[in-house]
Every structure is written in C-alpha cells, then in structure tokens.
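Chain lettering (A, B and C) follows the sequence in which the chains are written, and residue indices restart at 1 in each chain.
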Amino acid sequence: MSDPDRVLSASEASFHIGSARLVENASLDVSVGEVVAVLGPNGAGKSTLLRMMAGELAPASGRIVIAGRDLAHLKASDLARLRAVVAQASTLAFPFTVREVVRLGVSVPGLTRESARVERAVGDAIARVGLSAFSGRLFTELSGGERQRAHIARALCQLTVARAIGGGGQVLLLDEPTSSLDIGHQRIVLEALRSEANAGTAILMVMHDLNLAAAFADRVAIMSHGRIIADGTPRRAMTSEILSRAYGCALSVDRPPAEGIPFVLPAVV
Amino acid sequence: MFALLKRVRRLMWVAGFGAFLIATGHGSSAALADTAKAPGEAKRIVSIGGDVTEIIYALGKGDSIVAIDTTSHYPPEAATTKKSVGYMRALSTEGVLSTNPDLIITSGNAGPPEVVAALKASSIPMIEIQTAETPEGVARKVEIVAEALGVKAAGDKLAQEVKSEFEGVAAKRAKVTKPIKALFVLANQGGRIIAAGEKTAAEAMFALAGAENAVKGIEGYKPLNDESAVTAAPDVIVVMLRSDGANAGQLVREIGEMKGLGSTPAAKAGRIIEVDGSYVLQFGPRAASAAADLMGRFYPELAGKAPASNPPAENQ
Amino acid sequence: MTAKPAAGAVLSPEHVRVAEPDRARQRFVLLLVSGAALLLMLLISLSVGATGISLDALPAALGALFRDADDASRRAALVLIDIRLPRTILAALVGACLAVAGAMMQGLFRNPLADPALIGVSSGAALAAVTVIVMGHSFAAPVVAWMGPHALPVAAFIGGITVTGTLVLLAGGRRAVSIAALLLAGLVIGALAQALMGLIAYLSDDRELRDLTLWTLGSLAGSSWAKVMGVAPFALLNLLLLPALVRALNGLLLGEAEAFHLGIDVERMKRLIIVATAASVAAAVAAAGIVGFVGIIVPHVVRLVAGPDHATLLPASAMLGAALLLAADVIARIIVAPAELPLGIVVALIGAPVFLHLVLRRGAYV
C-alpha cells in the first residue's frame, strides 16, 4: 500500500447472498489514529461491510488489506493481534464475571493468563469504560448498556496486549457501540475510543446517531443500498442532499457557526 | 487416618506395577486353572437358572447350593434360604466369586458374556447347559447336572423318572382327537397383551400338553393386538402368574374385560387358566407333570376315555 | 486498578460493587477437593467388593503373580488385579470422559443442558449395540462368534463415531459446521436411531429384550483389561487434548463470531471438540453401556462453585466425574451383593438429590 498510515482498507469489495447484493464495490480505508464512522439507513450494508473488514465474511469480489497483508490469507490468531471487534449484540451462555469476559480479550497466545501485566491491562480496560465497580458482577446480570461496555473493554484489552506484543498499528472495529448507552456513558465510551485512537489505533465504527458521528468522527462514510455514496470529513460529506438521498427522506443540516459541525434534524414537512 | 495412609502407600505400589499388571493381566487367572477340583466334591454350588436349581434339589443336593439367581423360584426354600447373585443375564464376576463357589452351573442363558468369560477364566469349574425344550432335552439336562455333582446314579434314576413321566403324558396325548387352540399370555401391559408366538417355551409346552398354539406367524413373546386376538380365536387362554402368586385372578379379570381377547371362545367359555410361569416354562424336572396338569385342564373330558385311533397332529 | 476514574467515578457508583469472586482460590480449592475425592474413591473402589477382600491382601496378590502361592493369594490376585483394578480404572476413565464430554458439548452448544447425544454419538453407539445384542444370534452371528465378548463394545464404538461423522458431514461438509444445522440433524438422527432400535427391540426375543434393557441401564460388570486397553487410548487422548481446547471453549461462550475475533480458529476447534467428544464418549459407552446424567450434573456443579472458565471446568469435571462414577459403581456392586444393580440407576439415584440440593441452595443461573 502506498500510504503506510492506511492500516485497513477495502477495495472494490462486494458481498452477495444469493441475488441480494448486500455490499457492492465498496472502497474504504482507515489510517493510524483515525476514527471513521460508517453511516446509513437500516439495511444499507454497514454491518456487512464491517464484518467483511473484520475478516468474518469473505468478500465475493474485491479485497481487504490489513497492515499491508491480504486479510484472506491471515490466520485467526494473527488477525487477533491486528484488530479487535465489538459486535452488535453479544450474548453469553454462561455467567462469567465482567473481569473474566474482559480477560477473554487477552488470551492471545504468548502471554501467561495470570500474569500481573495482563491483570493490569484488564483492570485498566474496565476502568476506561467506567465499569470498575462492576468487575465482580456476573455478565448475565448486567443491563444492556453495561454488557456493551464490557465488550468494549474486552476489545480495548485485546488491543493493549496486541500492542505490547506486536507494536502499534491496530484496528478497532465496532458495530453501534453506543446504541444502548445513556448520554453520560456515551461520553465515557467515546472518550475511551478517542484515547485509543490517540494511542495509534485506527477505529472504524458503524453509527446510527448522525449528530454523535458528526461531532466525534474524523471521517464519515455514508452508505446507501450497499454502496458508499460519500466519504469525507463530516463537514464535507454530511450535506442535506447526500443524507436525504441516503436515508430517503428530507433531512436538513444545520451548521452552528461556532464550531461548524453539521447538526442534522429531520425536516418537518 | 493411619489406615488410609497405609492404603495410599499400597495404592502407589499398585501404580508402580500398573504397566506390568496390564501386560500380565490374564496370567494370574490362567495360572489358577490347575486347581480345578474333580467333579463330585462340589460343596458350594452357584446355581444359575430355575431349571438347574430345581434339578439340584431334586437330586437331593440342595444343601450344597450357596447361591442362586432370580429365576430360581422352586423349591420355595431355595429363594428364601440361598443368596441371590441377581438376574441370570446381569451377573457380576466378583459377586459370583464372593460366594466362594467350587462349582458354577448355569443354564445356557447366563450373561453378560464378559462376566461369563471371566468366570470361565477363573479356577472354578463352570458348566453351561443348553438342551432342547423336549422330553429328551430335560432328561439330558438332569444327566449333565448329576454328572457334575458326582451323583450319576441318582441322575440316571431321575432322568428315567422324567422320561417315563413324559411317556405317560404322550400316551394320554394320543387320546386327543382334536387338539384345542391355546394362547399363552405372558403379561398385560396396560391393556396390551404380550403373547407367546412360535419358537417359545410356551409353545413347546402346549405341544406336550396336546394343544396347538393359537398364535401363528409371530416368533417370540410379542404384543398381540385385538384383531389378532380375535383371529387367533383360542379355545383356552393360559395366563402366567407371578411366582409368588400375588396377581392371582387379576389377569383373568382383565382379559374378560378386553375387547379382543374377551370375545374369543376361551373367554366366553370362561376357560382362562392361571399357571406358575417357572413351573410351566422352565423345562426342569417338573416339566412332565406341568404338561400333564395342563393337559388335564385342556381336556377334562379325556379322563377315563379309551385311546383314540388317530394320534393328534403335533405342532411342527 | 482505577487508572482514569475521572468520569467513571460519577457514573459507576460504589453501591453497585459486589465482592469479586476470588477465582484463583476457588480454582485451587475445587481442584484440590476434586483430586482428593477421586483419590479416595479410587482407594475405596479397590478395597470394597462382594468378596470382602480388601487392599490388605494386595501384597499376597502381587506375590501370586510371580510364584506359586496358596489358594487365598490366588483368589486375592484374581479379585484385586483381574476384577477390581480394571473395573476401577474403567469407572474412572468412563466417568471422566462423560463429564468432560458434557462440559464440552455445553460449551459448544452454549446450552447448560447439552450433552453428547446432540452429536449422535450415544444413539449411534446404542443402535450398534442393540443390533449386536439382537442380531448376534442370527445374521451377525459370524462376526459375534469371531469377536466374542468384544463384538458389542467394538460395534458400539464404531456406531458412535460413524453417526457423529455422518452428522458433521450433513451439518457442514467441507464448509463451516453450522451448530444450528448440527442440532437439527442430531435431533433427526436421534429420532431415526430410536425408531430403528424400537424396530430391533420388537424383533428381539424375551432374553434379548432383557439384555438390551440392561445395556441401556449401564454397567461395569463386564470390565476387563481388554476393555481398559480399548478405552484408555481415547480417554487419555481426550484428556491430554483438554488444555488446547480451553481458550476456544471460553471464546465460544461469547459466540462463534466473537471467538473468531479473539483469534480462535473456530472451524478447526469445533471439529476438534466434536471429534474428541465422539471418540471418548463412544469408547465410554462401548465399555459401560448408557450411563446418563454424569455429563449434565458434574459440569453444572463445577460451574456453580467456580464459574464457567473451562480452565477450571474441564479438569475439575474430569476428576469429579471419575469420582462420581466410582462412587456409583461401588454402591452398585455392594448394595445387593452378590448381585449387582445397573450403574445408570445408581448414578441417577445419588446424582439427582445432590444436584437438586446444590441448584436449590445456590440458585440456578440460567
């Protein structure tokens, strides 16, 4: 790859199930320290694109490159040192405690499970998402938002350890990480993600809250019917015209003069 | 606590020898084979199979039995005074050995095969008897047991008695002009009758008693539905009682109330006969008298009649 | 631990904090207790039996192996070394295999009630065993005559792994094994096997029917060194494989996609888990018949005590499963001595009350 900062990129990637074209010729990349939000209406193919870029789904055509290597040729264990993933809805069959769930993120081969360094990484990750008081609670007894944060902590922990083993340049992929969070916890999680980005991690996340995305993401990619129809900074990409086209309804975009960040509201007809 | 430690030490011994033991596992039993005692001295017999137990008692050697199985119901004192090694198809090697036997006699059906194999491999003489369910088979069974017990003379005598008793039965049977159709009911499973089909001990006994098995085309003991019961149209129904007779009258009542069997000639005429299963089905020394008893109840009119010119058509 | 409590302190109030379970300590205590229970049951199993010969006779018994000895020593050798030792080893191996198989299936299917029956191994083994019991006198007679007492266990083993293999092919073929497809195919194959067994049971005579009923109740009465040699490779291989499966099973508790995200080769691990389970359970069933319940209660009890981490769950289940089966077998062979109760009955009779007590006292979590 020409740009060494690009740690994860999809080029002309497509994914089909039967005749349904869920993602069509999508090209998207994320660079070191960058936060990219994927926006779009339900069924636009956002999660499918994310899952392809996480290595979970193999593209029907096109390719995904992570850290300069074709993702299709990477083993699961190698991939786990290059990227962490927070899926949309994760359940748990048996009652691990929060700490145990987060510790699952560090069971990367090459580290002893019980080492003090691992425990410190686990504790840090839990603290970063504001779950310290919950570390002894059973995962199955947590609320939806608490579970979501536990999974984010697990991914953060995986990245911390991966960084310690293999150096920087990791990717974090999240599917609607703030969907069940109240506004206070949204802030905590987004802060944790920003600090992760500052540590050099490239972050790609599917988001539903356009305003949160506009305020937080460095770049947004807007999808509609399986295609990426706009890719750029929130200021450039989030125009009323593009968003209205993507979501299929009239949307008006305001720009408070002080900051210039787009602020989207459904246009009242 | 000290006893436990002692045992732990011994266990470690075992572990140390484990590999060797596995290699020589069968050696120890093979080495014991030469201690087999000559027949005739048996003082501690394990008798497996009701027919075998009955024969041993009939030969006057009941006192030499140390243990029996759960199919040994006769004589009643056997079941009350002897230890039980369980059901004859579910024996335990150590269980049988724990009775410290010097002779094991089984009817051919003992199991499971691994336990029978292990018992055969032990130093204890073991005799398996499998003979046909015929008068000759019963006599042969008596002779084999007697020989094993070293009471050949008594065995020959008993075998001769059995044979002549069967001859008496055959003579009576010769008077039967028209064999009746009999149906044997093993059990009633919630309204479903388990009946004796072809190639069963019940059918063999019916043949000896001069009757024809009403159930055709089914092998073994099988459920019989209402329609088949009507088709079988038995003239007499024989039902099996528990060996303790606790369910006397119950099956007779139940059969009378059934749609299928209740409408057969046998049920209408009230000809439902209760028998002790071990008496009728085990083909021990009482088999001839069982056949005679059955025949007496099948053909009450035969008493005192002159022999018929035509011998009855025997089953198969 | 609280590196950056600034915002979290406000939103994670201390009143929700619960004491964190000390898993390291729980793990240590549980493994210690399980190990002690297993050792104790091994000793009791070797010391107790219908003959009343105890371990005190062991030196004499060992002596009888090497040189001429009196009758008592030979008897002791026969009972201790040819009867009780293989039986004890077999009980421990079968118990360990069944308990571990239960734990692995529950992890794979993410369901606390899952058992190896779901991958068809039990129904396959049972169908083959029933076939040998009933057809062994008719058209399978040459095989049975040739193999003797080994015919049934060998057939049960082959039947078990064959059915599981077929299931895996049906559920995935060369592609990914779908757990949902596996579950459905398993149910269908189980029902089919049940029907075939019913058909065979119908065709059987009185004695064969008794035999197959007894087989489905389980027993270790037919233990021999030959059986130990048959079961041990599969059981030991399975036990040795466990450490390699811990991480995968833990990850799979989060879900297949999540396990993949964590760096687990999910397809390979699923197949490995299924193959290891099928081989060890088929061997266990071949040796002991159907012994239910061990695979459900033992892992459940371990999870109640030390949580679902497979690093603890698998070894503790193996040891407690072995101890439970040894205890049940000791009871089975002494309670009605010189006769013997079917093993499966005893396992259920002692397992059920213990299980109920634990679940009711500690509270079920599912």
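Just so we're on the same page, contacts are C-beta pairs under 8 Å (C-beta built on N, C-alpha and C of every residue); 3 or more make two chains touch, one makes a residue touch a chain.
Because the structure is predicted, anything quoted here is derived from the model rather than measured.
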Chain B and chain A - chains in contact with each: C
Grab the C-alpha centre of each chain and report whichever is closest to the global C-alpha centre. C
By Cα centroid distance, the chain farthest from chain B is A
When centres are defined as mean Cα positions, the distance from chain A to chain B in whole Å is 77
What is the distance in Å between the mean C-alpha positions of chain B and chain C? 37
Intercentroid distance (Cα basis), chain C paired with chain A, Å: 42
Give me the residue numbers in chain B that touch at least two other chains, ranges are fine. none
Residues of chain C touching at least two other chains: none
Find every residue in chain A that makes contact with two or more other chains and list them. none
Which positions of chain C touch chain A when the two form their complex? 1-5, 7-8, 10-14, 16-21, 23-24, 106-107, 110-112, 247, 250-251, 253-255, 257-258, 260-266, 303, 307-309, 311, 365
Enumerate the contact residues on chain C facing chain B in the complex. 39, 42-43, 46-47, 49-52, 55, 58-59, 62, 64-65, 71, 74-75, 77-79, 81-86, 148-149, 152, 202, 204-207, 210-211, 214, 219, 221-225, 227-229, 333, 336-340, 342
Inside the complex, what are the residues of chain A that reach chain C? 51, 54-56, 75-81, 84-85, 87, 90-97, 99-101, 104-105, 107-109, 113-114, 120, 123-124, 126-138, 140, 155, 158, 184-185, 187-188, 191
In their shared complex, chain C is touched by residues of chain B numbered 4, 7-8, 10-11, 13-14, 17, 21-22, 24-29, 31-32, 35, 67, 70, 83-87, 89-100, 109, 111-115, 117-118, 121-123, 186, 200, 219-222
